[in-house]
Every structure is written in C-alpha cells, then in structure tokens.
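First subunit A sits with subunit B, and in the next complex the same chain sits with subunit C.
Up next, the complex of A and B:
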C-alpha cells in the first residue's frame, strides 16, 4: 500500500514527471553547393552544431527522410542531400535560436 | 587531444584513409599510419613493429585510438600494444569501428577535443549506420 501512495504522490507533482519546456526553433534551408552536402561541408556543419547545447536535427524534405542528428557526420551523409534539396533544421535547447542562426549560413 | 593510428594491409589504403581523416580533422589531430609490410608499400600485410612506430609517432597522454581494416591487422595491433610500456598501453584503445567510416568520424570528433572513450564510441556507432537515405 505504501508503494501505491508513493507513486500517486509523484503523479500529482508535474515537476517530476514532465520534462522542462525548452526553447525550440526550426527553419527550412536549400542546399546551394553544386556538389551537394558532401563530407567536407558536412564536417563544417557538425563542427558548428557541436558548439551548441541544443539538440539539433535535420531532415531532407526533398527525399522525405526522417530527421537525423546534425551532430553526427554519418547521419548527415545519410540525408544524401544534393544541390537544390530542402532540409528542415530543428533545434531545441537553451541556445536553439543561436544554433539555427549559425547553421543557416552554411547551406 | 587524442591521436589516431590507421592500420591496413595496404600502404596505399592506409594513406588514402589517412588523407580522408586528415581532412576531417582539419590538421588539428595527430594521425599516424601503418600500412603494408615494406617501406616501398608494395607488400601487403600488417606488422606489429610498424604499428608500434606509428603509435609512438602520435603518442600523447590523452590517448591513441587504433583503427584497423580486418583480420591480422587486429592481431598485429594487439601485438603492438603488448610491446608498449604499461603506462602507454593503458591509454591506447583498439576500435571495433569500420576503417573508413570510423576514421572519418574519429578524426572529426578527436578534433572537437573529445576524450578517447567518447571518440571510440561515436566511431563504433558507424557499425550500425546505413549509407542509404531510404534507411534513415
């Protein structure tokens, strides 16, 4: 019985069951490089993304892919992004705005 | 910042993987290579003493991650570690990562200043990373 009353106490306390709200930001960018998003430009994306605490994802809308982790070079390469493809970048975390702003200039 | 060593049966393959890794690291990571059995690069195989030299060339206290192609490259790398003094061997790690993908990922994350175990973890994640967009 004591276990049950303990868990109902937790349920009544939202701070312990809901994650804190994080600022989030997203944008759609177009790949401008004639060679698409390749290893070297991908390296620069990962390098910039890694400076931010925010969780950052990218999906290739032109290929209808799932979102991948922008801080992973191999996942980024999985997007197979060619010139003209639209990528949806999304960030959530305390520095989400700054992360998206910094990343936009790379595409 | 950790160092990397590329181990391959082929000197030319080791040099090519080194070239890719160096570009990902942007010149910030010490990357050694031990490919083939002979200095002229013509004989295929792996040699523990060549691997040992490569480790010593890039040695630093933060550690050295070794990436091998397969088979006896792994055994030769193990032998090379046994030839190291104990205090250095403790800071060396053999990676289970695939050579090309692993070297690219490891070089990039090493250049971000990540520690040995963390760099190896992201490199080994390449084992389960598909290449094709349809699978992501």
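Up next, the complex of A and C:
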C-alpha cells in the first residue's frame, strides 16, 4: 500500500500507513476514478453519505491524513485523494453497515 | 523595451490593450471596522440564510446558461454553499458575536487559508471556489466585494491579476476585457473554462514577475502560445494585429468543427495532437478534438524520489495516461533530464552549463538500466494496444548518429520489443530533433526509425545560441528564423526519403498562421497545447498544398526572420 503507482505520476509524497481507529463498521477502499476524488465525484459521495444517520468519517491512508466528516464536501476535499489512494471509511450508528455498503459501490 | 513573459495557454486568441492590475482583498480582510454592530445572533443567522437563498438562486440560474463545463462549476459551488463545515463555522462566529457579513468573511477566509496550504495542486486550487462562494454571500449581505473594481472597465482592457475567481470572471466587464494574464492558476481552473466560453484570451502561470507591471502599460496577451508581451516593438505588434483579425474570422468555425479530422483541401490528413506536461493537460485532449498525445514529458515520474520508479510503477502511470488518448497514439519522450533538474539517485556531476552537458539520451546511455526500465514499461503497454492507439518512444537530445544506434541496440534486447515493433505494429521509435547536428545528419538515422519529431523550442535555442526565457535575447531564438527553417526542411527531407512521418511539437506549432509554412516545409503531424487544437485544425483545412510548398521555398531563400513574418502576413 505504500507504493501506489497511479499516484506517483504527479504526487511527490510516498504514502505512510497508520493503523486506523476501530468504530462499528469500517472498510478500506481504493480510489479508482482517474481524476481522483475531485469535486464532482466527491459530491456524489457526500450525497450518499448524507442519506444515513450514522456518523461517517474517512481518512486517506496514502497521505496519512486525519479522519474527516464524509458528509461535508469541504472536508472530503482535504483528503486530497488521487487515483490509487487508499481511504479508510468508518461509520458508527444504527445504519452503519448499510452506509458502508452504499459508499463502497462508489469507489 | 519589449518585455516577454512565458505562461501557459488557457484560452486561445490574441488580446491587445492596456493593462489593468486587479489586486483583490480576501473576503475576510475587508470592511471589518466599519461593519454595523452585530444584531441578535438569531437575526444575523436569518440574514445569513436569506443571503444564502439568494446566492443559491443565482447559482442555479447561472448553471442553466452556458456550456456543460461551465454549468458544473456552479453546481459545485451550490454544494459548497450548503456545506455543513462552512455553515457550522458561520453559525459559530455569529454565536460568538459577529454580524452575518463578518462571520461569513471569517469562515470562508479560514477555509481558503486551509486549502491554500494543501500540497496537491488540484485540491489547493479549490481555495478559489471557496473564496468565490464567500464573495457571492458577502455581496448579497451588502458588504463590499473586490469584484466591484472589475465593472465597469475601460475599452480594450488586459486584466492582470494573481488569480481570478469564477465570481470575478462572471462579474467582470466582459464587453471591455480583451485578454487576461494571471500570475498563478492553471488551464483547467474554472476561470480558464469560463474565459474559453466567453472567448477571452487567457494566459495563466505567467509568474509573480508580472505583478510588478502597472495599470496603464500597453501589452499583448497571446493565448495561443501562452505569452504576455509588454511594450511590444512595432513589428511584433503589427504581427499580432494581423493574427488577431485572422483569428476572429475563423474562431467560431474552428470550435464547431474541432472533432472533425484536419484535412487539407487536397485531402492530406494531418493529425493534430497535444503536448502533455501534467495530469491537468490530459483533460484537454478529448474536449478539443485532439488525436492523441504527440509529446508526453516523463520527468515528473522520476523527480522528487530517492530511487527510480520501477517498471510496474511506470507501466501503471503510462496506462493511466494512455486511457485519455481516446483511441489515438501516445508518444512518450524518454526521460529528458540534466544538471538543471537533478535527481538524487543519479548523482549527476555539477555542471557549469547543464543545457550543453549530460542530459537526455547522454544521461540515459550512462545509466542504461534507467533507459531499459522505461522502455520495458512502454513495451509492456504496447503489447496490449492496437496499431491505432500505438505507443511511440521518442529519444531526446540526440546529437550524434552513434547515440541512435546505441539506443536501438539496447532496445532490441528488451523482451517483446521486436514483436511489438515489427509484428504487431503497436510500437514505434522516433528521434526528437532539437540539436542542429541531429537535423543536419537526420538522413543517416531516419531509415532506422519510425518517425522524427522536431522540438522547435530547443532547436531554435541551440541554433541561435539564445535562451528563450532570458528576455534580453529571447527574441533572437525565434523558430521562424531562416536558419531554423532550413534545419526543419532538412529534417523533413530526411523523413520523406526514408518514408517516415515528421512531426513538430514546439510552441510555434500552436500558431494557426504558420500552418501553411509548416505543411509547405513537409511536416506531417502537429502537436500543440490542448486549447490550440481547434484553431490549428481549422487553419490546416485552409492550406492549399501547392501554394504552401511555394511559400516554404520562398521562406527558405530569406535571410531574415522579419521577411518570413512578412510572407506569412501577405498570405493571411
């Protein structure tokens, strides 16, 4: 995971991995969009996340970022997620399972 | 004295006029002390919500007019407008005693600073979007916004700024702005998209030096070649006036036909491709109707790391780029690096003059494993493509015939090379002609390769011994100098004799008015910056090949660049 080739074309910082916190449901996904998680695709993620009651966060493992609120596009952008980056998604709340399942289909 | 600033072409066209320097103040920095005392927090929150509703309606309206790309900007801005991170911050500031206007400035200002600090350029540029939304809100709250300085503007204004928001661009006096020059920004920023849809020539990334220029100075924005000229000399100005009137005539037509192939009236098809420096350039390929990538620079892949990228890392990067070529070919320039851009793992010797030192193929032949790994990745890619979207390896900085032979020998040994190049037809090898000796001796190696590509920027620099980014000598390094044209002609002759195509990938190729000369000299393929593609294609469709050959023959007899410029005017 520390050697993600798609991101290396323009990104300068190789990835560092840190063990994530353990909430009620979590998963690691890889960004497949060639343009990364840009404003437009990010908008879809926020839309889906906002449908659930669960608190949903994401951290970019490839950039070693803090976890941010996935229901905010402005926080999502701070992940600076490019194609090939690994994101750790975590949900806690009554519909956490469903939320993670729905979000996984977007990556 | 004429001053020349190099930037990136972001919206095509030529604008001639007087500079107006725009220095916006950040939304959080203005009107703090003169603001009315804050009312009850609930009242201020209501004011904010009312302003937000007005901005939302405005953005929804803007999204309905204009092109899809423009509409997307406003939809994204609506998303930011309603974002909980922003509104929570506004609410917190209001609860802490600020009025709605100041709370909005504070909240957006903090987010802008946060984004500006991000390392990835795409995400850092989103600061502009946040500032934009902040300005719209402050405007509706009755506060002062810097965009008020942008309307009205005098006739023939060249707007000069560090950057513009989409809000600035939609509120500026469009009828009177003939060109925009930005110190920062990128060709994919929203401002560039808007400028293209408004038909205003735009040069971005021109560097902080342009901010030293003053309002009232006379200048030219060259959105075709990505330049800003200040106080142009008479001859240059005349050329630009002619180019401008020609461009106006066929701009509209060019855009409507950008996805059609470029065929001369005699039926000769000229592929028009793009030069790619960054990931952002990839996004220009399809919208402009380009036929693949004529030059992919690969230095980014090798810099800022402690060891060279592995074959599989490279393969993944090239595969990614190839997915943007729209089923057209991908020309990849082998690592072209020298002492000016050192990479730590190569331990390059310190050189007094790296442009005449160990760079390009000279460096690769000293580190053959680097060359082999890069070629291996490209060959692996070539095994999974068709001849239509084939892979073309371009060898940089060739100055000796021997270097071509040595490179080909190394390539021969790589598994899959012969199969792809000779059986499948999915791999080609070409030489970049950028050193005068390579042009003079091209007939010796042309029969061993599949194409030649002329890099006119370096060819002009090396022929005329003038650095084109040194403004004191930059005008000497014109590719339209008769000496450079003769080298181009020799290269084309060598290509023709060997039965292989000759491409051009220098800046000059983006100028529509030189297409008759280029085709007349015998060039078969053109590679330019993305935004220039529609106008170049359109110009090619007007080239009468007999007249073009005659023009080239006349140009080759000229003794001065000025005469060649004159010839181009006469036919325009």
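Note that the second predicted complex is superposed on the first by the 84 of 107 C-alpha atoms of A that agree within 3 Å, B and C clash if a C-alpha of one lies under 4 Å from a C-alpha of the other, contacts with A are read in each partner's own complex, and residues count from 1 in each chain.
Everything that follows uses one rule, which is that a contact is a pair of C-beta atoms (placed from the backbone, for glycine too) under 8 Å apart; a residue touches a chain by one contact, two chains touch by 3 or more.
A quick note: this is a predicted structure, and the numbers were derived from the prediction, not measured.
With both structures placed on the common chain, the touch criterion links A:34 to subunit C but leaves subunit B unconnected.
In the overlay built on the shared chain, the residue A:60 is in contact with subunit B alone; subunit C does not reach it.
More residues of subunit A lie in touch with C than with the remaining chain of the pair subunit B and subunit C.
Once chain A of one complex is fitted onto chain A of the other, the partner contacts of A:75 extend to both subunit B and subunit C.
With both structures placed on the common chain, the touch criterion links A:83 to subunit C but leaves subunit B unconnected.
Judged by the touch definition given at the top, the superposed model places A:46 against both subunit B and subunit C. When both complexes are aligned on chain A by C-alpha atoms, subunit A residues 39-40, 43, 46, 72-75, 77-78, 80 touch subunit B in the first and subunit C in the second. Those residues of subunit C that touch subunit A in the complex are listed here as 72, 75-76, 79-80, 83-86, 111, 114-115, 118-120, 122-123, 126, 129-130, 278-279, 283, 300-301, 303-305, 309-310, 312-317, 320-321, 323-324.
The residues of subunit A lying in touch with subunit C in their complex are 3, 5-6, 8-14, 34-36, 38-40, 43, 46, 69, 71-75, 77-78, 80, 82-84.
Note for the complex: subunit A touches subunit B at residues 39-40, 43, 46-47, 50, 60, 63, 65-66, 68, 72-75, 77-80.
Looking at the complex, you find that subunit B touches subunit A at residues 20, 23-24, 26, 101, 104-105, 108, 111-112, 122, 125-126, 129-133, 135-136.
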